[in-house]
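Two complexes are shown next, each including chain A; its partner changes from chain B in the first to chain C in the second.
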Partner chain A sequence: MIVPIDLALLTLIVIIALAAITVRDLLSAIMLLCAYSFLMAMVWVEMHSVDVGFTEAAVGAGATTAFLIAALSRTVRWEKK
Partner chain B sequence: MSEEKRIRERDVIIETISRLMIPFIQLFALYVIIHGTKGPGGGFQGGVIFASSFVLYLVVFGLAAAGKRFPEGADTALMSTGVYIFAGVGLLCILVTLGTAEYLNYGFIPLTHHFEENRALGMDLVEIGIGITVMAVITEIFFNLVWKKEEEKGKGKEEQR
Partner chain C sequence: MIEWFIEELLAKYNYWVSIILILIGFYAMIAKDNLIKKVIGLSIFQTAIFLFYISLADIGPIPKGTAPIVSEEMIHMGYVYVNPLPHVLILTAIVVAVATTAVALALVIRLYEEYGTIEESEIIELERQRGL
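And then the complex of A and B:
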């Protein structure tokens, strides 16, 4: 466990999570959630939990993003004010 | 209208790269399923990776081509096949020992002469069952999410799916 890498990853995760809930473009929000999942997978691997990180990378960054984009194709892209 | 056209357009770079990548994604998924008993990974993760290869195929080549490659009937059959493999291996442990071993106690399935090898093989069988079910379910969820729009556009062209 390397502390500087952990701190950098966790700071980036907090920034990305805040951006994902404040952004008004839903496609951008989905992409930010994908980046969030990927960084989260890196944090899991950093904590020596490779299995959880593997699942997070496969499900969170892969399948969920595809599902959310497919669901977004049924609705409008911009959130109402 | 321009957006509709952009969806239909075919890109030779994306198609070629996907054509090259999909077999390796599937091979990696099988590796993850088989090595799930010894290292990181397992049936669920391998199934998700295998399904993501079909998702990639659908995104690149469209619903009509993907539906031809992976029809809905086969999808439904695979979904239940995985569950039957899982339940069958579990019940086999009870059946071959006439009720003395527990459900999913793999060591008592007489595949080889060694208890540990039986256990490893049984675990692999169960992982394969889980992988098949997860692969079919996730592919089916994605197919159903994108289906309606294409169906309205094609006006019955996707009926054979």
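And then the complex of A and C:
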């Protein structure tokens, strides 16, 4: 691992995870989850597990986001409180 | 004391971040009322466990690690391969995670068709009214 890149990415990941579960707009939460998965893929490439990295970038950041948006288009966008 | 703290706790910061992300995801699964928020929390929980496993495989800054692809040149330059076994486990687990998310979202859509809401407390209230 490369320590400065690792620390910066992991700090950003924790902040984005907190934002994704806090925000009221569910579409914003889904896009934040997409950014979270993409940063996680960067962490894995930087930790030399490139196969897991590109699988996560394709499946985690791509397919999961598409599924969540498809589910959101059939339900409601805003979270009630 | 400060040196012990840095060597024993901060040197393993990957695992601390993994535990923090597990707690964030678990909090979202338990405390959030919206069902899609619960699915997002589930996704964060799964990814945090993947981070734990990939950190197990990783080799620190000294000796320098590299991807497990056979190359005489890299060995002569002093690189060491990272352990590929956790990578294979997590490659399978990522695909299973997507399947889990898809099934959960299908259940959420079905609940919305049945009850007209995706808030857990409202669904419980409607179910109670129907039962009486």
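Going forward, the second predicted complex is superposed on the first by the 81 of 81 C-alpha atoms of A that agree within 3 Å, B and C clash if a C-alpha of one lies under 4 Å from a C-alpha of the other, contacts with A are read in each partner's own complex, and residues count from 1 in each chain.
Operating definition for what follows: contacts are C-beta pairs under 8 Å (C-beta built on N, C-alpha and C of every residue); 3 or more make two chains touch, one makes a residue touch a chain.
Quantities reported herein were computed from a predicted structural model and do not represent experimental measurements.
In the superposition on chain A, A:59 makes contact with both chain B and chain C. Once the two complexes are laid over each other on the shared chain, residue contacts for A:71 go to chain B and to chain C alike. When the shared chain is aligned, chain B and chain C each come close enough to touch A:51.
Once chain A of one complex is fitted onto chain A of the other, the partner contacts of A:34 are absent, as it touches neither chain B nor chain C. Chain A is touched at more residues by one of its partners, and among chain B and chain C that partner is C.
Contact with neither chain B nor chain C is seen for A:42 once the two complexes are overlaid on the shared chain. Contacts of chain A with chain B, set against its contacts with chain C after fitting on chain A, overlap at residues 50-51, 55, 59, 63, 67, 70-71, 74. Those residues of chain C lying in contact with chain A across their complex are 13-14, 17, 20-21, 24-25, 27-28, 32-34, 36-37, 39-41, 43-44, 47, 50-51, 54-55, 57-61, 65-67, 82, 86-87, 90-91, 94-95, 97-98, 101-102, 105, 108-109, 112, 117-119, 122. Residues of chain A that touch chain B in their complex: 50-51, 53-55, 58-59, 62-63, 66-67, 70-71, 73-74.
By the touch criterion given at the top, residues 32, 39-42, 44-45, 48-49, 51-52, 55, 59, 138, 141-142, 145-146, 148-149 of chain B touch chain A in their complex. Interface residues of chain A facing chain C in the complex, by the touch rule stated above, are 1-3, 6-7, 10, 13-14, 17-18, 20-21, 26, 29-30, 33, 36-37, 40, 43-44, 47-52, 55-56, 59-60, 63-64, 67-68, 70-72, 74-76, 79-81.
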